[in-house]
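I'd like to ask some things about the structure below.
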């Protein structure tokens, strides 16, 4: 039999002015099941809470209703007090008689009547409430970072610094990402590799970080605190344990192939490391070009390898790792120029992407920093940069802004002018967006001190007239057509979501937007959380951003991971869905509507292990308690604790006239 | 008919199926279900325009579900129920053998005219069947055609008050025999919502209040799922025009979600999914 | 007393008159769609007398679909019981002899170990005006269970058709005599009996099985595989039991809101899947054929053990209403054949 | 294929060779396309700027002409194409302008027919493979610059002709006939027809650039699909050569004429002799004639 | 209709938007009609259309249901799922002749205190016009 206490708060005059609190308390005392009722000036005060605690003990209460302010204000307070007094906290409910009653009504009789109704509704609910326990989830103290660009490197380092082991998975054969290919970085013009490679080395030397390069995520199962990831270690044909990275193999390899790292501007071998500072500094064999693997000839690398590390029979291997949290830092890709034939992309060798330009001016690039245009090696005397190529162009490509182009174009004009002091450089732009620390100053330096000529307008066409490239565009400030003859055109093409990101998102159960960028759980308040608990996001996987943003997000994600993994088990609210397995017929409605992938089918077996039938099964670790599953179930075999049908019906029922 | 009997015999003789569900004659202009395990009984099988029953409903019966494979004689309209059951994980495709019958039309329950549902049938040639028996029949309307139910249109000419009085009168006659539920191929819950008592969702008394709640919840639970077989209305001993409700919700599903149940087992049922641009003109 | 006749118009007038009196409940035949139902009449009811047999039986008049057996209110001082509405006198017009003959059967049950005051009170206050049959169909088998198209059992007044628009009335009981007297102004129709009425004679409905043999067979064949065959088509709805004049199972449910409640006796049916479901989740009659076996066995065996009589009047309603094609007569004939064959 | 041919007024005045070569191809390929009986001038190139209702009504009447013969519409002139497509869109959107047009025309006009350019029909419906089969006289690697002009690809949403930046249909067609299409950047540049009368020097400038680029990229001739482009490139070529002191000698040949040649049709029938820049020396030197 | 009849409006709201919006109406002291009783659920996705029937059965004259605006759902999608159910329920109720003005759906965010107050007042006024929902309440017959 229920023994319920009702506590009506005056909130000074906030409630008492519009509600006859003593009458409310008195009438509430007559509700069947209520054994104690009282009104008090400030329930939330220490004496008020003591009153509650004492009443729970003295009257042996099974439930309590505090009629006061909004539960959003003090539910935690009173539930904690109830818990301290030995009552299950979920057996306490609040009737909101301040925000939703005394403050919105003037008439005291009406306010009092409504108050009594609200109390009665909560009393009836409490009668049906069940004691709930917080959900405890054990956690695996290990993290997985997917993507070894600068964001992934930073996240791995920060997590490891917190004492948690990390597996860093990278699709390419070296970590470093796009940043490793950059020449200098804005707005400081410090050398990209000079600041990145020490971090890469740090990663490789951290005993808590395991790098799995040339590997991809095959499958992810489990849930927050308890993920099991299967990682495909792609066949490398080089035993990374035996290999010392001496370099003999790639020096002797006779096959030359266009280098992806050099953006197609340089060559590599069929057995190669993508760039000299690669981490791990272990080569891989490109099976499509290796003579041994394609034609069963050559085999030189095996012959010259001093440690017998070459294995032509290597195959993909699957490795399972158990982790408690995942950080996704899969970065971006750059649109290739071939998408823009109207700008000469794919037609003229001297129309290049900004990333290619980085390699062209980089001291470690294919020309060792000597600026030569790709077609004939000539020093370009006039260069035209075109911004917003593919970005901010909803009719043809992407509607979004790629965010970093304004800055790197300004940087590249400087890099160009530093190489070619009397060269001409023009920039076609729509707007100049330079809203970072020292960014605006940087752009102005490019324009005012470094001689870049900015033309506001779009380019209509790039074509070749004789030996010259001609850029035709509009100057919308002077309202005139512009035609510039030049030697090199650099297109600041849009940043795009990388290949395979949708498949990865599906494996992780996280969502992505129409552009393929991963979606944050909340654009403002949960910018680095995904919709799946325990999966965090950082860097350009979310949308275009620059290095400082990516790095700070990575650190943020690492902090989230460390917070999550700091305890042996996680505690969460006991308001979760539960299944009545006796009546569930596994129609999958709940599974289909659950936004958090918290419900799965489970087999019910007999003693011999034969499957008798299937039922829905809620993973309380993933369930967030929204209750969308409940109305989707026609036989009501799934319900939400704390908001069961019986509880809500009791509230409705309490409205029937006396 | 010969082909059907031969196929049935073959299936039962070769033990390809444990049970075959078909139709037998029940007198002049009448047919009723026939459940047979013995190949000799296959001679009783008939198929004609009086074969109204949607035999798919038997596939939900626990004793029949327990069998390893069952053959069912089904018209295109009946197969739509199989599609829904497949999409809702209630049947295992490999465990049923669908003998699809081409069917131009069946008769109305009283046997006097063409059944109303046949005038807008889109599956005269059954889909999804393991074997199709009968000559191909010209579909009278295409799959893309949006069906407007004349009875709904007519009904919607009534005022609010007329509608209310109509249903009050009709539903007061419901005796709560649950024939509508039991015959429905899509009512397969282990425990029906009406059999709940904590909380008591639906008043079990066959008073107008209980009858309203029952018929509301029934229509609602079939919304986006009803495949228009009309069995509930046919078996209702009180002759309540239940399909008026079901058809209007079919129309709503078509209009608002571009959905017709029972054609694609892979598609997401409309009430378990959404589109961001769904209608919300009615939401303030 | 001279012979009394009543025609369609007078009958309508009489029933209309009775309906005006809010102190009595009147039931009569009302047409809906192609079928006729015994319904509680109100001012707007459209009576129809040209029917073969009503879909439902007159059971509904005496054993309502739902009926309050307890009412209470809660207030701040506690719980108070409320009075139940009094049982009103009833007139039931238009049942067939197979309807009326169910009443003595039902009386035995409701007068058994527990006296059901609601049923018995109604039975006391009811006037049953039965119309003898003058049509039949393939589902009729009253003669096999001791009835006949002109059986008087259970009726207070029996009407026999003499022409296309009227009947000859015959009082069977004292109540009937008084009713005819009180309403003699409606039973004074000048009707000339026409040739060809009644259309059917008792011999038109031959006896087709021996209920004794059937009882014995049932007693000995609980596990017979034939039951599975009999119940194969059954979809487990309650249509057959709800139209049956002798099915009488009910459930007791509470409907309560915060401050008041009512406990109600509701029709229930052994054919429904949840009828025997235990709280444990176990269901001893989990399959439809088991439930159907219960229905037949109850009528043709257990009831005889308890009350010495078959609890079936041969009206055939269950077969007519069953859209799954379960036909009780076919099954009884088959059992009879099996019993004869087996010699038991 | 159920097209009626809408030639437009140019075909009947300034460029009968376009008309003639088109009809010759229709006849040769047995496409069964006949000229619409009641087609109306589309009102180019001034009416659309003067009065929207009259402008749309003119094209609507052509749609009506097609309706009365139950035909889809085949168009050759890009301006005509743009205007009938626009009228179709206006009528289907059924807004205020459509109501005005209905009133002006005096009837309800259904706009459900298909409207296609002849080059699209050859390219997409008849098919390049079948065209290749019909070629009897290969164009012998003649270097052809396909010049589409500005109208046929713009606005893309309306015309839906081909890639607006780099259309390929004519290139494909002449390639199928054995020619070597020249890749060049000025396929869709404006020839300046709009200012040809009002400010001729501008037009001459623009057309000069086109001729220059074609020549620079190795073209031996230019093929076109627009009568006005043809006018500017062909009729004014001599004037341009004088003005800029540069010799081009680039024959400007309709694509229908080139295809006709490949099919072995009589140059007279194709009216090649009507061209101002004499194509015969080139064709002879390439062994095509 | 008795003189002092006041409509009874049962309101189902989600915890994150509309409940917070109602709180904001309170903290902003926007006055509204006292005829509503709020029942809190975590998300509009938790609100079963049959709650509407239950509320009418227990004497409600109108039912107001409100959740987060599309895109604002705390649980991302609950309100989208709810919306489809409401679409169906509305059609069904209108087929049965139940006034759609007695079942009101709204989106009301945590910042829309004023919208919540106005909404309640409008609904309350409308229901006062329509009068008590006796048609439904009278369906509750205890005996035949």
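Letters A, B, C, D and E mark the chains as written, and numbering starts fresh at 1 in each.
Note that a residue touches a chain if its C-beta (ideal position, glycine included) is under 8 Å from a C-beta of that chain, and two chains touch if they have at least 3 such contacts.
Keep in mind the model is a prediction, meaning the values are calculated, not measured.
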{"item": "Graph distance between chain D and chain E, where chains that touch are linked", "value": "2"}
{"item": "Chains in simultaneous contact with chain A and chain C", "value": "B, E"}
{"item": "Pair joined by more contacting C-beta pairs (A-E or A-B)", "value": "A-E"}
{"item": "Chain of greatest Cα-centre distance to chain D", "value": "C"}
{"item": "Chain A and chain D: spacing of chain centres that average the CA atoms, whole Å", "value": "53"}
{"item": "Interchain centroid distance [CA atoms averaged], chain C/chain E, Å", "value": "45"}
{"item": "Chain B and chain C, separation of their C-alpha mean positions in angstrom", "value": "31"}
{"item": "Inter-chain centre distance, chain C versus chain D - centres from mean C-alpha coordinates, in Å", "value": "88"}
{"item": "Chain D: positions in contact with at least two other chains", "value": "none"}
{"item": "Set of chain E residues in contact with two or more other chains", "value": "49, 54, 58, 77, 81, 85, 142, 144"}
{"item": "Residue numbers of chain B (touch at least two other chains)", "value": "191, 193, 200-201, 203, 207, 271-273"}
{"item": "Inter-chain touch pairs (all)", "value": "A-B, A-C, A-D, A-E, B-C, B-E, C-E"}
{"item": "Of all residues in chain E, those that touch chain A in their complex", "value": "8, 10, 19-20, 22-27, 29-32, 34, 37-43, 45-49, 51, 54-55, 58-60, 74-78, 81-82, 85, 117"}
{"item": "Footprint of chain B on chain C - complex, ascending", "value": "32-35, 37, 39, 55-56, 65-66, 138, 232-233, 235-239, 241-243, 251, 253, 255, 264, 266-267, 269, 272, 274, 286-289, 321, 323-325"}
{"item": "Complex interface listing, chain B residues touching chain C", "value": "24, 26-27, 32-33, 35, 53, 57-58, 61-63, 110, 173, 175-183, 191, 195, 197, 200, 203-207, 231, 234-235, 237-239"}
{"item": "Residue ranges of chain E in contact with chain B within the complex", "value": "49-50, 53-54, 57, 70-71, 77, 80-81, 83-100, 104-107, 119, 135-136, 139-142, 144"}
{"item": "Complex contact set, residues of chain C against chain E", "value": "40, 64-68, 71, 85, 257, 262, 264"}
